[in-house]
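Quick one: the structure is below, questions incoming.
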Amino acid sequence: MNDVAKDDLEETLSRQLRNTRERLGAVLGRQGEALSPWVLRRTLRELRNVADPMVSDVEGGRRAAGVAGWYAQASPEQRRDCWLLMSEQFPPDPSAIEAARAAYEAARGTDEEARAEVRLRKAFASPRTRLLQRFAAFPEGVRFLVDLRAELLPHLKREKRLLALDAELEDLFSTWFDVGFLDLRRISWDSPASLIEKLIKYEAVHDVKGWADAKNRLDEDRRCYGFFHPRLPGEPLIFVEVALLRDMADSITPLLDEEGAADDLGKASTAIFYSISNTQTGLRGVSFGDSLIKRVVETLRQEFPQLKVFATLSPIPGLRGWLGKNAEAMLQATPARARQALARELDQGELDAPKLLKSLDGVAALDDKSPLRRWLLGTAARYLGSTLTPDGRPLDGVARFHLGNGARVERLNWLADPSAKGMKQSFGLMVNYLYDLKRLDKHRAMLAQGKVPLSGAIESLQD
Amino acid sequence: MNDVAKDDLEETLSRQLRNTRERLGAVLGRQGEALSPWVLRRTLRELRNVADPMVSDVEGGRRAAGVAGWYAQASPEQRRDCWLLMSEQFPPDPSAIEAARAAYEAARGTDEEARAEVRLRKAFASPRTRLLQRFAAFPEGVRFLVDLRAELLPHLKREKRLLALDAELEDLFSTWFDVGFLDLRRISWDSPASLIEKLIKYEAVHDVKGWADAKNRLDEDRRCYGFFHPRLPGEPLIFVEVALLRDMADSITPLLDEEGAADDLGKASTAIFYSISNTQTGLRGVSFGDSLIKRVVETLRQEFPQLKVFATLSPIPGLRGWLGKNAEAMLQATPARARQALARELDQGELDAPKLLKSLDGVAALDDKSPLRRWLLGTAARYLGSTLTPDGRPLDGVARFHLGNGARVERLNWLADPSAKGMKQSFGLMVNYLYDLKRLDKHRAMLAQGKVPLSGAIESLQD
Amino acid sequence: MNDVAKDDLEETLSRQLRNTRERLGAVLGRQGEALSPWVLRRTLRELRNVADPMVSDVEGGRRAAGVAGWYAQASPEQRRDCWLLMSEQFPPDPSAIEAARAAYEAARGTDEEARAEVRLRKAFASPRTRLLQRFAAFPEGVRFLVDLRAELLPHLKREKRLLALDAELEDLFSTWFDVGFLDLRRISWDSPASLIEKLIKYEAVHDVKGWADAKNRLDEDRRCYGFFHPRLPGEPLIFVEVALLRDMADSITPLLDEEGAADDLGKASTAIFYSISNTQTGLRGVSFGDSLIKRVVETLRQEFPQLKVFATLSPIPGLRGWLGKNAEAMLQATPARARQALARELDQGELDAPKLLKSLDGVAALDDKSPLRRWLLGTAARYLGSTLTPDGRPLDGVARFHLGNGARVERLNWLADPSAKGMKQSFGLMVNYLYDLKRLDKHRAMLAQGKVPLSGAIESLQD
Amino acid sequence: MNDVAKDDLEETLSRQLRNTRERLGAVLGRQGEALSPWVLRRTLRELRNVADPMVSDVEGGRRAAGVAGWYAQASPEQRRDCWLLMSEQFPPDPSAIEAARAAYEAARGTDEEARAEVRLRKAFASPRTRLLQRFAAFPEGVRFLVDLRAELLPHLKREKRLLALDAELEDLFSTWFDVGFLDLRRISWDSPASLIEKLIKYEAVHDVKGWADAKNRLDEDRRCYGFFHPRLPGEPLIFVEVALLRDMADSITPLLDEEGAADDLGKASTAIFYSISNTQTGLRGVSFGDSLIKRVVETLRQEFPQLKVFATLSPIPGLRGWLGKNAEAMLQATPARARQALARELDQGELDAPKLLKSLDGVAALDDKSPLRRWLLGTAARYLGSTLTPDGRPLDGVARFHLGNGARVERLNWLADPSAKGMKQSFGLMVNYLYDLKRLDKHRAMLAQGKVPLSGAIESLQD
C-alpha cells in the first residue's frame, strides 16, 4: 500500500472506530480493559492491508500470514475484537448494492439484463470476501480460518454482530469443501499412527478406548473411510466405521469387542455403518455425511459384490429427553388393556408418568413378554416414526440425518447398547436405518410429504 | 422430484418459455430451425431437475452428469440454447433482493446489521449457483464447466444475454481455482508423455517444434513448472519455462537450439523466464501468472541458492501494431538532428511515416551505428516506458502482466527473436523484465501512480 | 588398509604381475603400448583395496565407487586390462578347495557331512565375489557392473581368460535379478517421456518410427508391460507389447498402423503378444521372458476376464537363412507331383534349389493356389515343427523361446509382415504361438521328448 | 515333470530314504512316531519337484508355493523332517566337484584356466540352491524362507546336519539382503500404525512401554530410521533411534521420559544413537548395523548441517557377567592404596571378591568420591578397553559392534540407566561410543592390531 493511501486510511480510521469502539465496549462490558483503541486501530489497519485491492494476491497472502501469526499468540479478548472487526468493518456497500439492484430491476426483460446481473454480483461482493480469501493463499491459511470459526461459534448466540463473519465463512467453506473436491480414503491399521490418533480423539458415537480398540475397528472384517481435503492434509473431515457381517447387527457389543476374531469376509452379506463422526466444528453447516455414505456404499459394492444389505446400527440420542417431556401424552395414547398390563407389572394402582419413567431405570432386566418393554418399544417406534419438527423434519438428530439421506427406519434392537451412555440416551435401545439403494429417492419424497418411511415391523410396533 | 412438483413446473414452463423462445429466435435468427420448443422445454426441465433444492447434492450431481452426457453429443445450436437457458432462467430473485436490501439498510448501525447481511447474502444466491455447483459433484464435472465456458466465450460479444452465466462461472472458478488450492509441480523429461504432449500443444510464446525441442526445454539446465488442480488431473493450468544461465539472456535463439549442450548448473547466476503460457481458455479472468512466477522464484532459490538475477526474456507483441498507428507522432517527437540522420540513412529528402515503416522491413541488416536502429530502440523504449491505457495500465499485454507483478523494464535486445513471428510482432526486438525481489512492491506502487519502472538504460534510450 | 598390509602387498605385486603382464602382452599384442606396468599395478592395488576383507562393506563400497569413477574415463585398453585383472587376479584358492573337498568326501554319510559342506562352500567363495558385491553398495554400482559386462561380452570369444569374470557376473546377476525381485509395471502414454524414449530405442522386433508410433502402441486397446528392478530405476529390463483384439492377428500391418482407431475393449477376446524385447545386453543369460509373459497373462485376465486366447504374432528370423542351406534337401523331400507343379509355375524344366530360392523374391504376388506358396508354407511348417538343434531345442531363436515356455506352433500367416525386414527374414511369413494355459506343462514335456507341439493346421501343412 | 521321470524318481527314493530315515530316527529319537515313511517320501518328492531343472522357474515357483502352504499347517516334527530333507537330500555332487577341481588345477596358468573355473563354479552349484531360489519366485516366498530359518536356528546346536541348509540360506540372504538393495526410510509418528506396532514389539534395548512411549521416541527432536527390503514390505530389518541434543547424553532417563517436551532442533549439535535393534532372527549373520549408522549419519548431516557430534548412549550388557568371573583378578590388579580405601568404605578388614560383588548392589547410593564407585568405573573402563576375545575382538557384544564400525569408547556414565535391567547388566553404567567420521578407518586399523581406541578420559580411568 502506498503512503498516500495510508494517510487517507488513517483519517477515516478514527471516525469509523469511534462508533465501533463504543459498541464493542458496551456489548463486551470490558471498557477500559482489553479495548485499547491503539491495538484495535492497528488490528484494523492490518486487516485492511490484507484486503487491499491494490495489492497482489501473493502479497495479500503474505500479509494474511502475518495476521495469523499475531492471532496465534493473541489473548481471548484480542481475538474477539478481531472477529468483530472482520464482521463489522468489511460489509458490502449498501448504496452500491441499491444502485446496482435498481439498474438490474430496470434491465429485466431487456438485452441488458445479464450485464446488469453481473454488475449486481460485483456490487454485492464485500471486501470481507477478499479479506478471507487471502487467508487461503498461505499453506496454513485454510486451517487458520476453520479453527477461527470453531472458536467463534460458541459466541454467536451472545454476540449477534458476528453472524455476518460466520455466514461468510460458512459460504466460503461450502465452496472450498464441496464434496467434489474431497478425497475418499480408506483408513486402516496401515494408515499413519498420527491419523489413527485423530480417529481415537474424534470418534463421537462409541468412544475408542485405546489403541487395541482402534485396531479392532480397523480389522480385516471392518472398513473405515474418511473424506480428506488437500488443504487440510492428514485431517479426516468426517469418517464412518463399517462392519461386514452375515446379518444385520442387533447389538453394538460384539462390534466393540476387541477380542472378537475377524469374520470370514467371503461370507459377509451385510455392511453395517455403526459410527459416523464429523471432526471439524469449524465446518458446521457444510454437510459431508450423505455423500460419504453413498460413496462408501459404491466403494464397498465394488470390493465386495456379494453385499446385499446396507444399514446402520445407530443410537437414538434424543429418546430419553423427549420421553421426559411426553411420557404423560404417550401414556394417554396407550390403549387401556396395555395400560392395565403396565400397571400390574409395575405394581401400581394408578399409573403416572413420573413413576413410569423411574421404573425405566430397571429396563435391562425385562424379558420378551414384559408389558413395559413392549410399551417402550412402541413409544420409541412412535418417537422415530411420527414425531416431526414444525418444519417437517425428524425430531431425533440421527434420524434426521439418515432419513434425510433416503434411508428408512428398519428395526429397533433391545439392549443393543448396554453402556452407561446407551442407557442414558435411549434405555439401551438402538435402531437400524436401512439404505435400500433403489428407494432412496422414493423415501426422500415420502419424507418431504411428512411421512417417515418405516419397515412393516416398525409400523406394527407403533400400533 | 415428486410428481406434484413436476406438474406444477409443467404449467409454468410454457409461460416462461414463450418469452424466452421469442427472444432466442429473434436474436439468433434461427426461427423454425433448431429451436424446437419441445427440446428447449426438455432441456430446461433437466436443468431445473439438477438445481432442485429438494434433492440431495449426491442426486443433483447424478442428474448433472446426465445433462453433461446429453451435452457431449448435442449440436452447436442445442448447446447455445442450453447456455441461454442457464443464463436466463436461473437468475436471482430481484424482489427477494430488494426486500433483503431494504431490511439491511434499515438495520445498519444496529445489532441486527449482521443478521440482515446474512439474509441479504441468502437472497442474492441465485438458483444458478446451485445449478453450477452440482456439476462439480461428478468426477468430470469441473472439466465440463471449464470446457463449456471456453466454448461460450467467443459468443459473448454477439450475445450479451450470456454474460450472467459467464460471470457466475468466472466467480465460481475464482474460488475453486484459488491459487491456494493449486499444486506447483516441476515438469521434466521424466514427466508423463501425455503431459509433455500437452506442453507441446499449449506452448503459446515460442512454438515447440517436436519432441526433441520439448526435450531440450526440459534439459538439465532448464526448469519448467506448472500449476495443477486436483480436479483437472494431468492438466497444467499455466506453465513457465526457465533457463538457468550465467548472464541475462539477450537472444531467444540459443535457448531454442536443440543441439546446444546443457550448461554447468553450478555456474548459473541468472534465471530467465522465457515462456509463460496459460492453457485453459475457460479459466479466463482467473489469474495464475503472478503467483506462479513468485512460487517458482522461491523454489529455484531453494534449489540454487547462488541465483542472483530473476528476469524474463519477453516478446513485445504490440510494438508493430502500435507503431503503425503512431509512427507519425513518433517522428514528430524525434529531435531534428536525429531526423536528418534518419533521412540520410534512408536516402529520403522528406521523411514520412509510411516510408519509414516500410524501411523497417530491412531492420535485420542494420549495424550498431545505424540511426534507424537507434530510432527504433528509442521508440520501443517509449512504447514500453510511457504508453499507458486510459485506466493507467501498460499498453502492451506482456508488459502489463510483468509490470503488474512488480517487475521493471530492464533491457531491450536487438534481433533477439529473428523468427518470422518475432520480426512481425516487434522487428525482432525482445525485452528483459527484471524481478528485483526487494522492489516488487515499490515498483507496483510507482505503476499505480502512473510511472512505469525502468532501468537507467531504458530511461536514456527514451531521450 | 593399514600401512603394514600395504607394504606386504607391494612385495607380492611385482611377482604376481610379472606373469600376468607377460601374458597380457602376449595375448593382446600391445606390448610396450598401453600396458604400462605402473598403471596395471595401481589398478590391481585399487581392486584389492575394494575387495579387502579387513575393511567394512561401507568402506569397500566407497572404494568401489572410486574405481568406477576412474573406469568411466579410462581408455579401452585400460578397461580391458582392468577386466583381465578382475578375472585373473581374484580366483578361488585351489588348494583350499582341495582340502575342503577331501574333508567333505570323508565326511559323507557321517554327522559331519553338513559342516563339511559349509566349509567347502566357504573355500569356494572367491575374492572376486566380494570384489563384485562391493560394487553393489553404491547407488550407481549395479548399473556399472551391468554396463561393464555389456562392454566385455564382445571380447569373450577372442579372450577366453575373461570367462571367469563373465561367469561370476552372470551368477551374481541371476541372484540379484531373480524375477521374484522384479516389479511388473504397465507402460502407458502416461509413463515418463524418458521411459517411452527408451522403449523407442530398445524395441527390437518392429522398429518404433517415432513418438506417434509409440503413442499408437500405448493406445487404449493396447497394453505394454515391463519388468523393472529397484537398482536400475526407470530402466525396463524387458518389455512386451500386447494388442487386445477380437481374433487372432494374422498380419502385423494393422497393429503398426498409427492411424487405426482403438478397438472397443469390451469386445476383445484375444491378447496378441506382438513384440518382446530384452534391453540389457549385460544381463545375457538371465532370463525374464517366460515370467514376464506369464505374469502379464495373469494381469490381463484380472483386468479383462473375457479374454480367451493368448497368443503371439511372431517373426521367423531364421527361415531364409536355414532355407538357403537346406533348399536342396527340402526339394528332394517334396513329393513328385508337387515338384512338377512347382516346375510348371516357375516355368522351369529342371527344378534346382538356386533357381527356386531366386523365385522366392517374387513371393508377395502369389495367390492362394500357387504351388510355390504351398511349398513355402509347408517348408516353413517343417522348419518350425521338425528342426531341432543337436541338444534337442528348436532351431529358430524365437521358436525356442516360446516353445520353451510351453506354447505351441498354431498358425502360419502369409504376407503377415511385408516390410523389407519381414521379407528378408522369412519371405513375409509370421507365426502365431499359442499359450494354452492348461497345456503349458504338457507341451514342455513333449518338447523335452523331442516332439514340437503343433496345431492340426501346422501338422497338415508339414505333410 | 513327465511321467517317466516320476517313475524313475520313485525307484531311487526308497533307496535314498532308507538311509536318511534310519538316521532321522536315530537322531531325533522319534522312531515309529511322526516319522511316517510315506509322509517323508511325499515331502521329498514335492521338494524334488520344486527343484526340478526341467521345469520353468515360473512353474517351480508355483510348486514352491504349494510346499509353503503345506508347511504352514505342518506339525513341528514334520517341519523338522522337512528341514533335514532340504539339508541332506540336495547336496552338491562330490564327484562332479572333484572332476571339475582337478581340471581347474590342471588348467591353472594356461589359457583354459578361466573356462575351467566356470565349470568348477557350475559343478559346485547344489540342487539346494535351485530349490531355495524357487521359493523366492512367489510373493510370500522370501518371508517364508526367513521365517523357516528363524525356526530352525535354535535346533542347529543339537542337530548338526541342518548346518548345510542354514549356511546356504545365510549365503542366499547375504546376496538378497545386500545393503545396496535396502531402502533407508525414516519412521515417524506419520508412519503406518502397523509399522509402529512392530517397532514396539521389536525394540530390544529399552522396552517401549506403549503408544505414548512410542510417540515420544518419534517426537520432533528425535529421528528413527530403518532398513526395508522390497520383498518384506512394511518390515523394518533393523532400526535405530536417535535423539538430537545440545550435549552428549549422559543418562537414558530423560530420553525415555514421555512427558519431556521436544527440544529446539535449531540448537542441537549432537546426535545420540540410543537404541539399535535387529528384528529378523532368520537373517542372523547378515549384517546391517554398520551401513545403517553410516547412512543415517549422512542423512542427518544433510538435514541438520549444524550437527557436530555423532555418538551412542549404549548399554554394557556383559559387564556384570564378566565381573562375576573376574572380580578376584581385578582386585589383585588394584593398587594397594585404592584397595585400602575400598576396604574402609566397605567396612571390611580383608577385601574378597564375593563381598565386593555383593556390595555392588548398593551402588546407586554412592557419591562422587566413593572409592567403590571409582573402582567400578576403572574396572568397567578396563572391561571395555582391554578385554579381547582370543581372535582379537572386543568381549562385550555392543562394544564389538560399535568398535568394529570404527567408533571409539568415549565416556562412562554413572547411573545412566537406573532401570532394573540396567542395574542387572552393568550396575546402571552406560557408555558413549563416539563416531568421529574422520577417524573411523584409523580406529578400525588400531583395533585390527589389538588396540581398542579410547578417549583420554577412559584411558585415565583404566589406570
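Every chain is named by a letter (A, B, C and D) in the order it is written, and numbering of its residues begins at 1.
What we mean here is this: a contact is a pair of C-beta atoms (placed from the backbone, for glycine too) under 8 Å apart; a residue touches a chain by one contact, two chains touch by 3 or more.
These are the chains along with the protein names UniProt gives them: A, B, C, D = Malonyl-CoA decarboxylase.
Quick caveat: nothing in here was measured; it's all calculated off a predicted structure.
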Touching both chain A and chain D (chains): none
A-B against B-C, pair bridged by the larger set of C-beta contacts: A-B
CA centroid of chain B to CA centroid of chain D, Å: 63
Whole-Å gap separating chain A and chain B, where each centre is the average of the chain's CA atoms: 39
Chain B-chain C separation of Cα centroids, rounded to whole Å: 53
Chain D residues counted as touching two or more neighbouring chains: none
Overall pattern in which the protein chains touch one another (line/ring/star/complete/other): ring
List of chain C residues in touch with chain D within their complex: 1-2, 19, 27, 54-59, 61, 87-88, 91-92, 94, 97-98, 101, 104-105, 108-109, 111-115, 117-118, 120-121, 124, 133, 136-138, 141-142, 160-165, 167-168, 171-172, 175-176, 178-181, 183, 230-231, 287, 290-291, 294, 404-406, 440-441, 444-445, 448-449
Contact footprint of chain C on chain B as seen in their complex: 189-197, 210-211, 214-215, 234
